[in-house]
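Down below are the structures I want you to see.
Here come two complexes built around chain A, the first alongside chain B, the second alongside chain C.
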Partner chain A sequence: MSDHEPPAPQDAPETPDPHAQGGGGSAHGHDHEHHGPDHLAHHFDSLEQQTEANKLGMWACLVTEVLMFGGLFLAYAVYRANHFPVFEYCHWFLDTKLGAINTVVLLASSLTMALGVRAAQLGQQKLLLVMLIATFMGGVGFMGIKSVEYSSKFSHELWWGQGNLYYPVAKKNAYYDKTVNENLGPDQPRQAWTEADRTYRIYELENYYFNYKKGVDWFTPHYIPPEYRVDPKDYAYHGGPADPPPAPAVSVTAPSASARAAADPQDDAQHAAPQPVVGLAGMTSSDIGSPAYGPSGVSTALGDVAIEGLEPDHGHRTHYTWDTLPEAERERVHIFFQIYYAMTGLHGIHVVVGMGLIGWLIFRAAAGAFGPTNFDAVEIVGLYWHLVDLIWIFLFPLLYLIH
Partner chain B sequence: MSVLSPTPTPTDIFGKPRDVKPGDDYINHSKGLMSWLLTLDHKRIGLMYMGGVCLTFLLGGVFAVLLRTELIWGGQTLPHVFGNSWESQYNQMFTLHGAVMTFLFIIPAIPAVIGNFALPLMLGAKDVAFPRLNLMSLYCWFGGAVFFVWVLVSGGLDTGWTFYTPYSTTTSTNVPAATLGAFVLGFSSILTGVNFIASIHMLRPRDMGWFKMPLLMWALYATAVIQILATPVLAITLLLLFAERIMQIGIFDPALGGDPVLFQHFFWFYSHPAVYIMILPALGVTSEIISVFSRKHIFGYKFIAFSSIAIALFGFIVWGHHMFTSGQSVYINALFSLLTMSVAIPSAIKVFNWLATMWRGSIRLDTPMLYAMGFIWLFTIGGLTGLFLATLNTDIHFHDTYFVVAHFHYVMVGSTLFAFLGGMYHWFPKMFGKMYDERHGKIAWTLTFIGFNLTFFIQFIAGSRGMPRRYADFLPQFHWYHVISTLGSYVLAVGLFWVLYNWIQGLRKGPQAPANPWGGNSLEWHTNSPPPHLNFDRDPHGVDPYRYDDWKWDESIQGYVIRDPEKDDPAYTGADGDPLPGEPATPAESHH
Partner chain C sequence: MSTHAAHAGPDAEAHHAHVAPLWVMFGVFAALLVLTGLTVAAISIDLGQMWNVILALSIAVVKALLVAAFFMHLWWDKPFNAYLLAAAVVFVALMLAYILVDTDRYSDVVGEGDGVNALQRAAP
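Then we have the complex of A and B:
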């Protein structure tokens, strides 16, 4: 209050300015008549009060953000508790290396943001600009890596919902009937999955993700090396099952040979040789029934059962495979990806919003808008950016690391 | 003394005539549509909110009257206009009634209209902490309203306002638009909450500690805490539901492996506290009105203040009482039942404190006081019937019957609506600088009060005898309950239109309002009616908002003026050594 000019007496003569406040002739002008620096809003008494209010408001907003993500974390916890095998199984599909790199990128951008706030407080305009641009680039890097991850998941049909490779075939076909096949002409092939198609592709994915250098070659995300690959023309979206697979749970090579032979006899000579499947090649359903595995297919011996063909770094622990997943959980694999996309997607939206805010700061900073008494905007955007960082710090281990 | 005659000239808080120049007050401060649409003035934003909120109240009310009319006879009553059948038409009507009333009317009504208008004034501030956010919150509200209009014209909505899965993921009606609308409205609510918290923390004047704030500030603070803590959970819930509809992300859809009961947990984690978003500001408004119109210091200030906070906190841990029949664990049920009953403690503290405030007070039965007393009546009935629903075994019987309908209409509609109307009457002179017609105000109150009780009290009986809610038809034994309820709703509708007429007449022809028509001492009465653009001609300082000794009735202006210690009572220097409001008495001696 002490910064105010003293109010004029009640009976003061009328001010000549018609826009000035009346009501007895107060000295308060309209919005543009300031009683302090330009960036002090009219309803605050001092810059300190304004800064405090801005920060308090931002903290309140951050609380809402935490609660909003809290809902998702709760959903994660509930589904993880209810469908633990699914979560254990699926987290191997996420690329820890890319996630770790993203963590570093985001942490580094938080550092540059903090340095930017400091630069603004010290009035170092150039440094501020550099730091803001560096932070922005951190956001670009994060989203870039995230899109590499997403596109590799998409290319492997690890979608959410019905699009997911693991979604039960019958339901998937019902969905295709409703959405795609309804609009097809009589001569166009109907889109449908067969159990053999799906099982083969699942084995293919398992081989690829569990055994091939644990993760995606992130410079060529769509690339699956030849020994893990089959021609989608042969195995997916084909015009209905021609030849049912010999058994639902078979060794990996069996559906490959029989399904391909049925689908494309001319091509048979080319592909007849069994794929050089590493990894699960030797593992069949008969292995699952062995005493090392419990009745539901869950390993009863923790920590010391080596599964034949697994890479050494995975060999010391048991983890679920398609063959060992409990039957009921097989239908629910897509749940993990629903949670994954919901959490990382919402987080990504927040990163993009933060990049927009930082972009706005860059323009303002380039115009020299910030200084030692006027850095509130930089500071509160910084708070937001740190929160986005913090949420990722929780997302990364929950989704990528723990098992 | 409550008969008000027109006073020819506007007066200030000293009862002195003041010159009225263009631009004096916030209403004529600047002209043109854009000066309203782009205003950062909290008072104008509050007024625009009022316009919008009243329009949506009308819309929700039309649905209410329609669905009561549908139920006046068994079988089909209204012509079948939309929906697949007349029954689905009924489903759409009760859904839209509930969704519009809840999300567009009750939640924003008191915080966004009365809170926006009165909070900075009561804090002696020039505006809320973030005026731009405030304007943004208004436009978020308009945006949400547009979504709901879209829902209206694009297939409607028939899920009930609760959007329960799995029905909401399978129905063909426009659930995505409705969830997006509620999502955007959530932003509006959050922004208002953030604004209020920052304003209350940062903008109190010198001499106004936390315990010198008017109790409405405590209530709005507790509301804001709920708004920023609970609304984001609704936001993520609706976002997931939206993603489920649009992208088949099946967090809640059992067909996709989701868990529909999880939706109920998420939904009620917001929507139970949201009940307190609706009722807490109403409790605050009532605290103000009861004290002012009893001409007596509020009884148990700190108890009322802390009971607001307690209700807000309790509100977060009782959501499971909406789900006693959902198959959740019986141990959780018992816990939620116990916690739910504990909410009765802070609620009862408030009611007893109001009664103690009125005890031996010098009660003025003006319209705002009638609404406040009506509020106590309705809130008590609503609260006590809540105990039946908090009890596990009776809830099994009452669940999804008209008993529940009557209960939540008593607390949400009866209480909140009555407090909203009472608050509007209370601050009407301050908002517009005009007085409404007291006689019409009382007639309207009588109709509203009788109509409301006729409509809903009978529903307790119907519900306890087994009439299920959300049914388009009913068995013959429930016929007379429905007839009485429907007739009551017509009386209620007439009463509400009478209120509207009263306000419009007051705006058009009402006499000039004095600065302080009721003799309140909170800071909004320390400025002109209507207030100037920046609220105060001088920086106010904190006073005890419930000490009324400093004001005396002035017959000539039909309002209260500040007691002049020299002239009126030389020996009097204030009850406890506080500076008199408006001190110094002569304007030339500024307190600076």
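Then we have the complex of A and C:
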């Protein structure tokens, strides 16, 4: 019977690794009357061969995943090598603590996945189910924290593309002209964005909202350490009105001609400009001038430095701010966010896909589909899940821990 | 084609594939947590831009090796799967290396990204 001796390795004996297969081949009974178990496909000689082939196929898939993410890592590396100030500036917008928690969550879910594979191999049905559910919940936790991070950025207009606060003004206006303004009547006001608008909003962002690298907030990006809490009534506006002016709805329409005229961003930060820029929220640029802590009470390391300028901190460490960023780099800040969203977004899609696969495994496992000879599905989904973890292991220090 | 691999004996089934020891799984997880702590702590040490990123990436590589070797079973698998992963990493590294070497070669020609090239700049 020639179908008995296929060219593919028949069974275990040729494997040099004593761990790889516990001598399953020797038990191989060449019995043609018998059919294998249902989960052994026709074209495989043995379960061992089938498992090996399944894993090899998954590894081939993972290779393509590594190469796909490699392209994004390349974009990151080239951009960082050429525009390091942008990265140093932007990493302040990423919360190290949330990133670290997410790392631990993914590592823990990798552990439960590995334990799930083990449980499947040992035929421990209940443990397998528990581990799969725990892994799935790890994915839920990861995406939950990720969405907290994303929504915090979205609420401050740190979108990708033209929606980003840092997007070059001329290009943004060209975009408005092509999209919004084209459909406006002749006497309707054009939508436009000015350098003063952008500068105002960026100062606001730097000074009030982001202090992700300091403080003790483990769960909320906007937690205020007690020593930094300020009663809004006592809030000291430097050179501004005693009470915060009412804030009108934010729009992208240019505020006023005087605002455009007054726009020298360098003046706004430190010295109260003689002609304050009227910003979108109805506050003047001098309100933003040099606040110790913002209305939300969030102190900002960024804000402190914004006042002092490029300030050396422990040896040659420097923190960039909008004021100290080189002129050319200012127009490139938004690209960091595009790289950030592309990398974490593609990774997030992988997490969601992995969760879908694990959800499918949960249903199969609940039906008792897996056992000591039939755990390939659990194992290869596990491989996929570990790869997702692996990629995050690199994303975390590269994006959150820039120094 | 007949299929003929049914092992009647439960022993043969139980040893179908390597089962990772529990202590390895938990040990690897503990090591990963420690390394995560290390990499977060490492940013407060100032080694300069280049050495800090090298340190962070070294820790990440160790973590990745732990995950790949033990959680992903490469340590116990036939080595071919590990070769595949290594090949992927090598090709990504090649791509990175060659493009990074090339990336600032033309900055004096194309200018500072402001759309003005050297010829235009030199023009009176």
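We take it that the second predicted complex is superposed on the first by the 255 of 403 C-alpha atoms of A that agree within 3 Å, B and C clash if a C-alpha of one lies under 4 Å from a C-alpha of the other, contacts with A are read in each partner's own complex, and residues count from 1 in each chain.
Heads up, the rule we're going with is that a contact is a pair of C-beta atoms (placed from the backbone, for glycine too) under 8 Å apart; a residue touches a chain by one contact, two chains touch by 3 or more.
Please read these numbers as outputs of a predicted model, since none were measured by experiment.
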Counting only touches as set out at the top, which of chain B and chain C does A:Gly161 meet: first, second, both, neither? first
Look at A:Leu127 in the shared chain and tell me whether it touches chain B only, chain C only, both, or neither; answer first, second, both or neither. neither
Regarding the shared-chain residue A:Leu47, is it in contact with chain B (first), chain C (second), both, or neither? second
Touching A:Leu346 in the superposition: chain B (first), chain C (second), both, neither? first
Taking the superposition as given, does A:Val180 touch the first partner, chain B, the second, chain C, both, or neither? neither
Determine, under the contact definition given at the top, whether A:Leu390 touches first (chain B), second (chain C), both, or neither. second
Mind telling me which of the two, chain B or chain C, contacts the most residues of chain A? C
Using the touch definition from the top, say if A:Ala369 reaches chain B (first), chain C (second), both or neither. neither
Taking the superposition as given, does A:Leu357 touch the first partner, chain B, the second, chain C, both, or neither? neither
Name the contact category of A:Met137: first (chain B only), second (chain C only), both, or neither. neither
Residues of chain A at both interfaces, chain B in one complex, chain C in the other: 19-24, 28, 30-31, 41-43, 49, 52, 56, 60, 63, 67, 70-71, 74, 78, 82, 332
Residue set of chain A touching chain C in the complex reads 3, 15, 17, 19-24, 27-32, 34-37, 40-49, 51-52, 55-56, 59-60, 62-63, 66-67, 70-71, 73-74, 77-78, 81-82, 84, 96, 100, 103-104, 107-108, 110-111, 113-115, 117-118, 121-122, 314-317, 328, 332, 372-373, 375, 379, 382-383, 386-387, 389-390, 393-394, 396-398, 401-403
For chain C, which residues are in contact with chain A within the complex? 1-9, 11-20, 22, 25-26, 28-29, 32-33, 36, 39-40, 42-43, 46, 48-49, 52-53, 56-57, 59-60, 63-64, 67-68, 70-73, 76-81, 84-85, 87-89, 91-92, 95-96, 99-100, 103-104, 112-114
For a test of understanding, state which residues of chain A touch chain B in their complex under the given definition. 1-2, 4, 6-7, 9-11, 14, 18-26, 28, 30-31, 41-43, 49, 52-53, 56-57, 60-61, 63-65, 67-72, 74-75, 78-79, 82-83, 160-163, 171, 331-332, 334-335, 338-339, 341-342, 346
Would you mind writing out the residues of chain B in touch with chain A in their complex? 12, 18-25, 29-30, 40, 120, 125-131, 133, 190, 193-195, 197-199, 201-203, 205-206, 228-233, 235-237, 239-240, 243, 247-251, 255-259, 262, 266, 269, 527-528, 531-534, 536-539, 587-588, 590, 592
